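Following this message is one structure expressed as structure tokens.
A, B and C are the chain letters, set down in written order, and residue numbers restart from 1 in every chain.
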Amino acid sequence: MKIDYKKNKLQILTFIVLGAIPLFVDSYYLDNISYFMCWTFISLGLAVIWGMGGILSFGQTAFFGLAGYGFSVISINFLGIAGVSLWSIVLALMLTGIFGLIVGYFLFYGGIYDVFIGIVTLAITLVLETFMQQTAGPEYTIGDARLNGFNGMQGMPTIGFENIPFGLVEGVTQYYFILILSIIILISLYKFKNSKMGLIFLASKEDRDRVSSLGHNVQKIQLIAFTIASLLAGISGILYTNWGGYITPDSMGLVSAALPVVYVAASGKKDFFSVFIGCIFFVWLSQTLAINGKQFAIIVMGLILVIATRFFPDGIILMLKNKLVEKIKWLQS
Amino acid sequence: MKKIVIFLISSFLILFSHAKAADTIKLGILEDETGNFAIAVVPKIHAYELAVKEINANGGVLGKQLEIVRYDTQSDNRRFQEFARRLIKKDKVDVVFGAFSSASRESIRGIMEKNKMLYFYNNQYEGGVCSKTTFMTGAVPEQQFSTLVPWMMEKYGKNVYTIAADYNFGQISAEWVRQIVKENGGNMVGEEFIPLDVSQYSQTIQKIQKAKPDVLMTLLVGAKQASFYEQQASAGLGIPMATSINVGQAYEHRRFAPPALENMYVTVNYIQEVHEVIKSGEFHDKSKDYVERFRALYPDEPYINMESANAYNAIYMYAKAVEKAGTTDTMKVVSALESGISQDGPSGVVTMDPKSHHGSHTIFLVRVGKGHEVTIPKIWKDIKPYWLGDNGCDLANKADYSQYTPSNPPKN
Amino acid sequence: MVFLFNIFYQFGDSLAFLLLAAIGLAVIFGMMKIINLAHGEFITVGAYGTVVSGKVLNLPLPIAMAFGVLITIIFGLILEKFIIRYLYGRPLDSVVATWGISLIVSQSFLVIFGPSYEGLQTPMGNFQLGEFSYSEYRIFLIFFALFILFLLYYLFMKTSFGTLARATIENPSISSSMGVDVKNVYTATFAIGAGLAGLTGALYAPTMTIVPSIGQAFIVSAFITVVTAGASPFIGLVPAAAFLGTVQTTVTFFFKSTIGLIAILCAVILIIRYLPNGFSGLLLKKRSK
């Protein structure tokens, strides 16, 4: 993979800093940062379809939940088999991707566009949440895994190898795994953006009909982008489930569906790196406000969002990043 | 020379701060001060603080003061997960109290158990948690329904209709009702499960009227579902209602315009009206004493509910157990709690059952009248949480970390 | 006869709820294309305005309700002036801003009024018909919802203001070049939308628990009804609400409420797929044939 080192100095610097963090913080802060990073993938997925293609989907959390539950059900059923947590990730992601393909096909080949995509994806997410909430009874058991409805599922194994003392349990291995995964995904997404398919996708945001009349299969590209986004959401779902050892239908509710949208919009949906940093920042911010702000935490969060859209419609983090690069000449090539 | 002085001073400061830290026992509290559950939870938070204040004024525990480290979980499961880890790893507390909904309890029980962190859940719930390091001070279905349902059937008739929230707590509670109705020779003439988001009940009311029950079990949870009561009153439904959920937690009888809750019966393990209704005797004195002390610290508390009594008792039981064990080491405190700790609290004596780690309770049958005034037609003393122990959960002798339900009991 | 009335009542009750949940949003989202995630909060403002004025100032219920509507209009005007007017033409950005507003408002209500407020009693009484008894107020709501919708239809389709509003929103630049004060038209329309949502809150306040999240009970129903109504909301709302209400009531009758909710969501998905212009598109197409 060829990376243009000169143009991406800020990004490289950021990752060097992130890579060095474990040397300076204790395990609580490290696991907390790992937790913040879990949420970046679902946001990046949204940045792909919304930032690049202008498709606002509230369905990212449906894929988040599906992957989380899928991972749990599969790994609980095959507990004890070597490497179970790893290939259940693969299977869960495949399942999520297939579901993403189906939903995407329904949307793009069914002629649904603009705000209607938001409504349809929201409806799908709510259907899943409503259904899952009432699966408390014993009849809702897949193999050995009881779905347990509103109270949520536990007991899934943590990601790792049984015989090798490395695993995404906590601490340094989890942190570096997520960090390296983020770097790989960010680089891949930039490649996608600059690829032919990516450029067509970007163009389709401006004028869908004109792009198709030029002979490009817009629907196919939209479908591919949507599936990529669903897989990214699934990665977040699995990492979160692994971090917390727990998944509930709550993760597919109205609030959960709106959060990625809010983080991505406030960060700067057009730039993947801004979304990555912004997502970490906003999750950190809402947690810090909750610790220190008590009753006013949510009000402050709301104010920040309103101010962001009102004054920084392209995203606060993106705006800050551009200003930083502008001011510090060394960061420009 | 200067360097040596600085070194000495800083070492003293470090030693001093370490020493100071070891002088307190840290109690971690995770409760929803804001969000959907705040109504029923804020009195719990104040009850913890009251108990801690009283114990500290009496010299603390093992000569150390109790210190509260509390986070507002905003009625959000993710906050529970985030702050549980913070309490365990950063604040390094000695014990954790908290959670209202079962979902939030389950979201942290795993990590509590994994880190051998002692955990007290102080809320009524659907029952069934059999966990070596967890203790439950709230009421469970066998305490609330085995008293309520037969009494209602005897007074009003054998035909019972249940409407319940369509999730774990509602479904399991409904299962208990079904079982108890059957055991007492009654008929379930209908059952309806309603999702948590529903706030309009015209269709439900019509279905109930069609079935003509003698008793209506209303196992409804949350503010949206609570709209049922006003709507059934304005439709003139007129059937006696029975529940384990309302009045005792979110004091609906004070918040809804009468006569929405007229002829509702609730089994609670405490409410602040106990000493207003019971004019003399043990329960009068204990309730009055508790409320007076509570209001001295929190004069504006809208309502002192049953969960506050559980929270209050939990702190005292923990303190007693630590004194008995002579240490805050989790497993030693667990053993102390399993040796039969009791607490004489706002509603009388509560005893911790060693087999199931659940508390026994005094159960008050509360009736809400036309103007939402409260009477207490019956009191049951010392109702034990028998189900888990009878069905194979024996934590004093066999460690376990699961939650069971009537259809999935512990296998011996 | 009893059976028929029963059906009418259940169906009408569901229809009224969907209609009233949707009316404010029909103006703000259906007409002005602003995805207003704070719609629930407008309803909350109307509900609290009614209940608080009813209790504190001891106003009779209809006056308290009018007060609730007025407060919501003022609230809407303030929001429009400072935030909303920067979002016209940016439907997807309005998501974030209105979400932020909804957080601020709902939490502020919690801080100011506490987690719960004593409610009002449902007005009117009840009557018996066969083995069922019915709430008179809920029957009133059915007719009132239809009445309000008729008024709105008349206002936006038959009056000059209505035509002006629709034209301006559809094509602000041409309207402005023809001398229309576009800003004022937008403000007035938004205020009407806010006021209608406040009316919903006022009307339902006596039947629900008064908590800061009271508006949340309406928001999903509002969005799905407005979307199903289609491009011309005032023509499409009644058929949309009727259709969705029938689906929900019927499925709940045969299965349970949860399946009813899922059914109504699936119905919306199918409508969007196969009837992209909603019910108003369907009706307009039929009319033009």
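One rule holds in what follows: a contact is a pair of C-beta atoms (placed from the backbone, for glycine too) under 8 Å apart; a residue touches a chain by one contact, two chains touch by 3 or more.
Everything numeric in this text was worked out from a predicted model, so none of it was measured.
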Overall pattern in which the protein chains touch one another (line/ring/star/complete/other): complete
Winner on C-beta contact pairs when A-B is weighed against B-C: B-C
Centre distance in Å when chain A and chain C are each reduced to the mean of their C-alpha atoms: 33
Between chain C and chain B, distance of the C-alpha-averaged centres to the nearest whole Å: 38
Touching two or more other chains - residues of chain B: 34, 166, 193, 195, 197
For chain C, residues contacting two or more additional chains: 107, 110, 216, 220, 258, 261
Residues of chain A whose C-beta touches two or more other chains: 130, 133-134, 295, 298
Of all residues in chain C, those that touch chain A in their complex: 33, 35, 37, 83, 86-87, 90-97, 99-108, 110-111, 216, 219-220, 223-224, 227, 258, 261-262, 265-266, 268-269, 272-273, 276
Interface residues, chain A side, partner chain C - complex: 50, 54, 56, 106, 110-112, 114-116, 118-120, 122-124, 126-127, 130-131, 133-134, 254, 258, 261-262, 265-266, 295-296, 298-299, 301-306, 308-310, 313
Complex contacts: residues of chain B adjacent to chain A: 33-34, 71-72, 74, 77, 79, 81-83, 85-86, 89-90, 102-103, 106-107, 109-111, 114, 166-169, 171-172, 193, 195-197, 403, 405, 407-408
For the chain C and chain B complex, residues of the former touching the latter: 6, 9-10, 13-14, 17, 107, 110, 114-122, 124-126, 128, 131-135, 137-138, 206-211, 213-214, 216-217, 220, 249, 252-253, 256-258, 261
List of chain B residues in touch with chain C within their complex: 34, 36, 38-39, 42, 166, 192-195, 197-200, 202-204, 206, 209-210, 212, 223-224, 226-227, 230-231, 233-238, 250, 252, 254-258, 260, 302
